[in-house]
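Presented sequentially are two complexes of chain A, the first with chain B as partner and the second with chain C.
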Partner chain A sequence: MNIKENKIVLVGNPNVGKSVIFGLLTGKYVTVSNYPGTTVEVTKGYAVLENKKCIIFDSPGINSFIPQSEDEKVTRDILLNQKIDKIIQVADAKNITRTLLIALQLAEIGLPFVLDLNMIDEAREKRINIDEKELSKKLGIPIVSTIATQNQGIAELKETLKNLKRPDYHIKYDSLIEEALLRVEKFLPESQINKRALSLMLLAGDLSLKSWLKENLSQEKLKFLEEVQEDLAEKYIEPLAYIINEQRLKETENLIKSCVKTEKIILKNWVYYLGRISMDRFWGIPILIIVLFLMYKFVGEFAAGAGVNFVENTVFGKYLNPWAIKIVNFLIPIPLIKELFVGEYGIFTMAITYALAIVMPIVTAFFLFFGILEDSGYLPRLAIMANRFCKIMGLNGKAVLPLVLGLGCDTMATITARILETKKEKIIVTLLLALGIPCSAQLGVILAMLAKLSFSATLLWVGIVLAVILLVGYLASKVLPGKGGDFILEIPPLRIPKLSNILIKTLARLEWYLKEAVPLFILGTLLLFVLDKIKMLKVIEKMASPLVVGFLGLPSRASESFIIGFLRRDYGAAGLYALADKGLMNHTQIVVSLVTITLFVPCIAQFFVSIKERGLKTALLISFVTFFLAFLIGGLVNFILHYLGIIL
Partner chain B sequence: MLKEKLDEILEQIWILKEKGKISLINLEQINEGKVILENLKELRNLKLIETGGEHLTLTETGRKKAEEIIRRHRLAERLLADLFELDTEEYEATSCQFEHILSENVTERICSFLGHPPLCPHGKHIPRGECCHKLSKKIEPLITPLGDLEPGYEGKIHFISTHHHGRLEKLSSLGISPGKIVKLIQARPAFVIKVEETEIALDKSIISEIYVKPQEE
Partner chain C sequence: MIKCPMCGFQFQQNKKVCRNCPMGIGCGQICCPNCGYNLPGESKIISKINNIWERIKKCSKKN
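And now, the complex of A and B:
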């Protein structure tokens, strides 16, 4: 038995298929989509290669080993801190310059690696012919080509992993840089990364290395390094990182000249044109409207209407709940415990019914629809369309990615905010996610309620929430110090989504939903059950009455929904759904309650992730602001609707 | 010094003419009443201007000479503003010196390098030079901001001039760097460019810092 496990990491440009290959090697599913920035964290998986257990890491995409955002830093850090044995560079074979730029840097880093030219089919279609043998000889590393989504070439990739050697390829930089490198190298501590590569990162002025260096170097040495760096930087007009990269680019050009032949052909089919017009300034808007309309029809009307109706009223109402009541009645003689399971606040009749009958059909539909959007490559195009809109809030189009992902799950989306460059943008996005972006479960329940009212009620709700997001975003951008980042976003080609990936992705997300939501639903129900039994529920409802009944104009039982809304907003929304279903709220009340619950505090999981990503102070402040605004706006809507005498 | 002073006054007269306000009083006003009679006499002796009472005009030679000064001045402004991104104050002061020292040959080179720009950074006309007339059949500039291309056209990147921290590095790590051919896919609602097989959306403020030489179709 070999005790030491091999550690292998997948590295490469964004959106090249690292996660697909990770899935193929480890059998573990991580979210795969068609936009850069799907992976923002390192995922760990296991595989058996050469009869040996290996740990495999999937990493966020990078364009350079000098990190420009947090997700890129994650990838560099794994090479710096983990004892990585081998690297698989996954690359988009179509984009050979960017591929080689990473390959050259990996060669400098000096760990054994293989270059995997993925999506080789797309490159061939575009008549980009790469002389793999020649390139492999020149770089001194093995090269394989794969089509990961069709599981082609993976066996060969595994085979190649068996005997990888350390690369021996060095770029000669200009003499000033080489001189500085010699001076710096001597002082660097041993690490996973070759000293030359580390020195280059240092000279390039990589600030993110500072903390690592402080741990590993004495004060004087650190100062000396800084001096060398500053000396060198002074000799160039442009930043050193750029100068170094330019020399690497030159090297890639030479390699490409001798190893790659491209016939200039332009491949245009209907998918290509659809991709073009979906970001066009005229056609983009009707396409966006169609997408939203389809979502409303599929999630709001079909799933939330017919789907929920069937599951809730037929499956649960006619069969499961009566059976459960019978079984419990039969098994448990004590009324209190009986009620705990099947009473008004029963674990089965409330928590499980809400989670599985109301929310589940809706999130399933939403995840399916959202999966199609993700895999088609539409989301980055949406970012282009919404760039201007985002500018009002001190953000840019890139922020659309976390914001739209928030419609899937605000918790995950809060982590995705890492793809943004500046602290200011990250705080604004975290705030907006907490405030106004309903997650799939909540959105579904809300759409279901709105679909029963009228289309104009839906528009009213959308309008109010968007206006609040815009206004709060605008104010936040004015109040918060700092500035926004550059809008530079890769637009992947539009692709026809693969049904299998969408199904797997939806299943994975449903599993996650059940694991995360159901326990909290049960917890919330228990809370209500206990409060009800000790007669506290009525007291709380009375205490909240000036706010809920007086200010918002809602029935006092709506307080319950807000209580459980502290755990999860979708659970709160489900409570409102049940109230509306029983005919306890009129249309105006429904809209007011929905606006309030949409803007309500982030769910517990999101709150904890916000603390982790943004710090306790910011997270608390955000929760406080959302709580305050939710009731303020809800009350205003109530007041205005009544004042104007609008009947919905 | 005298030559420079004379140049300055010629320039002032030319600008007054450009504004349609050419008169002795206006000229004196610009110079805040300081005596410029000496200089005017000198200019008249050189047959660069004609005066008579309130009347003041440039002779043909004077007009040409003034035009050349203005041209050097405004081209220098363009160069300093676009390429070196100096502040308005700084480039204005430096341009005032450049106008006296640039040789004809250097001026032409600058003009061609900048793509025979028609306007100065203040939006005023830059008098055309011979190099511009040679190109008059095809006034397509040699170098232009990438964002000024028509969508669908390609250009070869000549330089990226930015003072935004980190932008240069970011662009170059995406393969956007001098020597690369880029295609402008669309200009609105956001700019989208294509380098190799990568399509990238970016803001106007970034794309206007990328200077390209338009490529023949």
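And now, the complex of A and C:
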């Protein structure tokens, strides 16, 4: 090779069009998609710019240069370890705050770079006007705008690449940080990343930097750096990474104020004010309680009361089940197979009836309600309220998101726990999800049962489950102190949702739910059927009797619900519902059984995902702990209620 | 374009993306690339109804 090749890296937030631009520059196709981690490795391609061969790297999207995940580490490490000549920051012009957060950090890093405001078409559509000239002057870097998908602006981008200078823009942090920076900088080894930027990463507690430092620094120096970092960290209540990020955010806000204009007409009507107070520290709480109360009324009383009653007793009880029995009797002469369909543990009489008659009306109501919450813009507000709650427990703000998502589906939420930084945090969130967060279907069935009791019984259930989550969360936060960043949410204005939209979503969710749940319902029923036929069911019930009857004080048939609960908690809950419906449980028993099934292992899909995400050993351990706690707490509730002589 | 109701992130639906997810393709959910929030994908029933509707429209235009 005669002349040294130029090395250029594409850097930017996730999903901003880096891979599309990479394709345009190199002619090489990279998977372009919409999931974090599409580009998990660095892709290399070649391009000729200014008659010179260049190597171009496409990197995974990042939200910060302090890596919080494997992908982000990959990107940061290229800058640390490869000899890089130029950087192209690809940005989503619509998300200017995130864009500037990265740009400011790149400016600190100090390698020559150009800011490419991509997706400018969508920004224009949203009437976001960015004063490129002003911003470019302020930051001291060239800025171009592109529409990658239409190959617009790419020529200009190439042109700009020809003469890039090192940026010279520094944020001034508060005096404590600046002081620490001065002390740290002196000791850092040379690299292409500006020492100030490296120091900031170090102060923010970037653990992934450690191994690199170990290679390049003596033991003593390393120790000194650690001491400076710890000293500084002690001076703040919040973690340093958060403090540094806050100060960067302030800087971006100032830049945005002077360079970005969004034409937005905000109607200051009652909805606007409602939106504001729903996030208020004080007023947010009564509003949350009202929302929960409405949900209880709608899902619990209306859907479960009138809805289930009608579908279960009239549609299924009077018509469908008798018809099915008649048809099966007529078509199938073999008694065993007949029973398989319409017997006590019959696919039709149990699985389908439970799924369609009990769970479906409830879940439909729940999905409807959830759709309203979603479209009205209340969800992110709920997350913010939950975030405050978690802060009290000392849990990382990011942990809130999977927990809130768990109310939709625990399985999906377990996957979302990926966004957390440490292994410990991931395990704890997985445990909390498995233990205390009922998914939508389950929550619906439980609410429906509670609605048949008193409101005080409902409060008792809420209280117990919340107390368990708080306790486990609190203990967990003792094991690992809350650190790491908050998640960034864009709070949309509150608005009145469109009915058609909600109906479509509800239908889609219902379709998904039925596809997901009914096969498992059938599987569970088959299991009971086989166990019953080989006379094992009675044996199991007898074996479980000390636990279920003695300790929990439930009828022995409740064991069946726990067996099918292994496949899905909501199926188990439906089993309990049917028992309660037949008058086989009194109010105390209902509350005890509900507490137990709420804390029970979520479902088989969640279990498999746990194995895949956390490993077999951890998944088994989590299941075991969940199982143990569920019965322990259920038993304690039973014991205390009886001991105090409380009749619900 | 889909806008995530949780974090406000805008993205396009893409089926290929689910390869990274242990649930695999075909769960019928869309996953927000930014925060992981799940929203229901397009319902098959609804898209079928839509298709039929489009056809009826086309036919009536021809006539």
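Definition applied: the second predicted complex is superposed on the first by the 351 of 648 C-alpha atoms of A that agree within 3 Å, B and C clash if a C-alpha of one lies under 4 Å from a C-alpha of the other, contacts with A are read in each partner's own complex, and residues count from 1 in each chain.
Basically, a contact is a pair of C-beta atoms (placed from the backbone, for glycine too) under 8 Å apart; a residue touches a chain by one contact, two chains touch by 3 or more.
None of these values were measured; they are calculated from a predicted model.
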Contacts of A:Ala383 with chain B and chain C, given as first, second, both or neither: both
Which superposed partner A:Lys612 touches (first chain B, second chain C, both, neither): second
Touched partner set for A:Lys73, first chain B, second chain C, both or neither: neither
Touching partner for A:Lys18 - first (chain B), second (chain C), both, neither: neither
Which of chain B and chain C A:Ile491 touches, first, second, both or neither: both
First, second, both or neither for A:Lys94, with chain B first and chain C second: both
Touched partner set for A:Pro402, first chain B, second chain C, both or neither: second
Which of chain B and chain C A:Arg568 touches, first, second, both or neither: neither
Which superposed partner A:Gly284 touches (first chain B, second chain C, both, neither): first
Residues of chain A contacting chain B in one complex and chain C in the other: 94-95, 380, 383, 487-492
Chain A-touching residues of chain B, taken from the complex the two chains share: 164, 166-175, 177-180, 185-186, 188-190, 192, 195-203, 206
In the complex, chain C residues that touch chain A: 1, 5-14, 16-18, 20-23, 27-29, 31, 33-46
Complex contact set, residues of chain A against chain C: 14-15, 31, 33-38, 94-95, 122, 374-375, 377, 379-380, 383, 401-402, 404-405, 408-409, 411-413, 415-416, 418-419, 487-492, 504-505, 507-509, 511-512, 515-516, 605, 608-609, 612-613
Interface residues, chain A side, partner chain B - complex: 63-64, 66, 68, 92, 94-98, 101, 126, 128, 204, 238-239, 241-242, 245-246, 249, 253, 276, 279-281, 284, 380, 383-385, 387-388, 396-397, 486-493
